[in-house]
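Next come two complexes, and both contain chain A; in the first it sits with chain B, in the second with chain C.
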Partner chain A sequence: MSDTKTGSTAKVDPKLLEILVCPLTKGPLSYDAAAQELISERAGLAYPIRDGIPIMLVDEARTLDSDNAHPAKLAGH
Partner chain B sequence: MHIDTVRAAYRRYAGVYDLVFGKSFEAGRQQTLDRINGRKGLRILEVGVGTGLSLPDYNPDHTIVGIDASEEMLNLARERVAKKGIRNVESLVEMDAQKMTFEDQSFDVVVAMYVMTVVEDPQAVMNELKRVCKPGGDIYIVNHFSAEKAGLRLKFERMIANFAELLGWHADMPMSPLLSNAGIEIVTIAKLPPFGMFTMVHCRNSDTAAESLLQAV
Partner chain C sequence: MDDSDIMTVFDRRAVRRHRDRAAAGFAGFNFLFEEVADRLADRLDDVVREFPVALDLGCHTGELGRVLVGREGAGREGLGRKGIETLVQCDLSPAMLAGAGGLRVAGDEELLPFADHSFDLAISNLSLHWVNDLPGALLQLRRALKPDGMFIGAMLGGETLFELRRCLMEAEMDLTGGVSARISPFAEVKDAGGLLQRAGFSLPVVDSDTLTVTYDSAFKLMADLRGMGETNAGLNRRRQPTPRALLIDAARRYAELYSEPDGRVAATFQVLYLAGWAPHESQQKPLRPGTAQARLADALRTEEKSAGDKAGR
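The block that comes next holds the complex of A and B.
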């Protein structure tokens, strides 16, 4: 997941973030530029941004770790 | 037609879409954009932006957000924007037009061209067009309605019907129930070439209920 390709055009317009909401909760989203994801804390979901295009579909979203907005921490406990 | 089926159809036909439909859809796009381009500095949502056929034609003064259910179509739109150096396309987003993920009253103008016939629930789309449009804002719908009598138009329809079916068009969608929505004021209804097969409807979001609620606060 850390190898997410970041196209040169991949950048979310801040004005879009002002009006975009989570499809599930209708709550706000935060932008993770490094992972190219839009995070809905309330839904526990991360919506992918592929080549600069946010995919606002629950089916396409990644489930966040139960107590952490960020993934990884794969090793051990 | 379910959104996944629609998405699958457009995935297959994205590459030839412009070739088959580009010309037929030109009049509707042109009529709609002519009306919008007379004004300045609008924030516009294009629902079902597809391959971005209309994106080069907006007044550069406007800001455009485009949504579509098909990632393949949106990728072609993104390529068009890059290749033509279009600077006023703020964002392209994949989402379901029947349940948009925008805040209420986000746009001055909402455009839905050749969308209503392809969605599972046109009324849901209509409600969403109204919801994301500012009060007093404009909604433009271009749509296909089936021919009532035989003639050139019917012939033409049959010609493209096979292809249209693959893309899940409802050929027999009635217009009036959609527009009887409270708080929608019809400004213009225009028949478009070829053969009046397409209709452009310009509505105004005259949500007086919402306005009076606001005034009461």
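The block that comes next holds the complex of A and C.
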């Protein structure tokens, strides 16, 4: 795996990845293993994964907009 | 977030804060959650069905999970009660989840993060009474169930803490000449069946239990509620600390009105149990009026007498 910044070794269970959706849009999420984030392109939000636990709370999500690491919003859908 | 919405009764951030704060010491205060977890599991045992993939919504530190899949195996492979192979535990409070095991997700009952048709079973142990939009939450839950999947949830009902509500109200009235909301509004049994139907559940069933818990004093009761993470999170709650004089007077009234012979005071917790199924064609349904294949009079071997009014065709 690539450079994992977080010290946490716990990985998110693949079974969870199959059933999780964005709580706001109910749309699909993409898993960024390096950043330990679940990304909802439609909502423009990245939900953190801490100690293997996805934090699917809008309050805790990072807004994708300005930090252009994921230019997904520009792509349209 | 949306304080202008008149349907918004509870401050969900406060609910989370109370749970986060209570999480570390929760083991000392979770008796009610453990008791109701047992009762939920008993109800589940009566259902002749296996549920390979289950969701515990509002799991706190995993009280129900420990009953259903055991202390060691929570959420891991290995069959639990009712054929549970996978148990996903979800709570609004990440700190509470830290005390649970197995597959965990931090999520809000009002904005569920689960895909449609994910679960065979959804259970909820004393959490849904803090949800603002209960019909919306139940609708999302129903959609997260596979067809013919089952929901069963326990939540606190309208008679809960009626003693404390009365004593605080009367003490505050005496002290300040007015009252403020100090105990949550709870759902009533008579509303719960309609809520399930509105959310699209088939075969809805609602019943209730009353648990009476005794405490040394009303102060001990209030301290316990804090330990349970169940203190007032109403949006209209007073933000100032409750005056000491009010608490002392309320506790005095409580001791006068609700003392047991042994000097302890009683507190009521009413638990509503809501159950329903995600619709499926195999479920029994009432036939349409007028589609009878046989006459009732024949079955009863009697003569049919007109009651004067006919059913519409």
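The rule we apply is simple: the second predicted complex is superposed on the first by the 58 of 77 C-alpha atoms of A that agree within 3 Å, B and C clash if a C-alpha of one lies under 4 Å from a C-alpha of the other, contacts with A are read in each partner's own complex, and residues count from 1 in each chain.
Rule of thumb we're sticking to: contacts are C-beta pairs under 8 Å (C-beta built on N, C-alpha and C of every residue); 3 or more make two chains touch, one makes a residue touch a chain.
It should be emphasised that the depicted structure is a prediction, and the values quoted were computed from it without experimental measurement.
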{"item": "Fit or clash between chain C and chain B when superposed on chain A", "value": "clash"}
{"item": "Which of chain B and chain C A:D13 touches, first, second, both or neither", "value": "both"}
{"item": "First (chain B), second (chain C), both or neither touched by A:R50", "value": "both"}
{"item": "First, second, both or neither for A:C22, with chain B first and chain C second", "value": "both"}
{"item": "Chain B collision site on chain C, chosen from 167-175, 203-211, 239-247 or 293-301, when both complexes are overlaid on chain A", "value": "203-211"}
{"item": "Intersection of chain A interface sets (partners chain B, chain C)", "value": "13, 15-16, 18-23, 26, 50-57"}
{"item": "Interface residues, chain B side, partner chain A - complex", "value": "63, 65, 71, 74-75, 78, 82, 90-96, 99, 101-103, 106"}
{"item": "Contact footprint of chain C on chain A as seen in their complex", "value": "13, 15-16, 18-24, 26, 50-60"}
{"item": "Contacting residues of chain A [partner chain B, same complex]", "value": "9, 12-13, 15-16, 18-23, 26, 50-57"}
{"item": "Chain A contact footprint on chain C (complex, rising order)", "value": "13, 86, 88, 92, 94, 97-98, 103-108, 111-116, 118-119"}
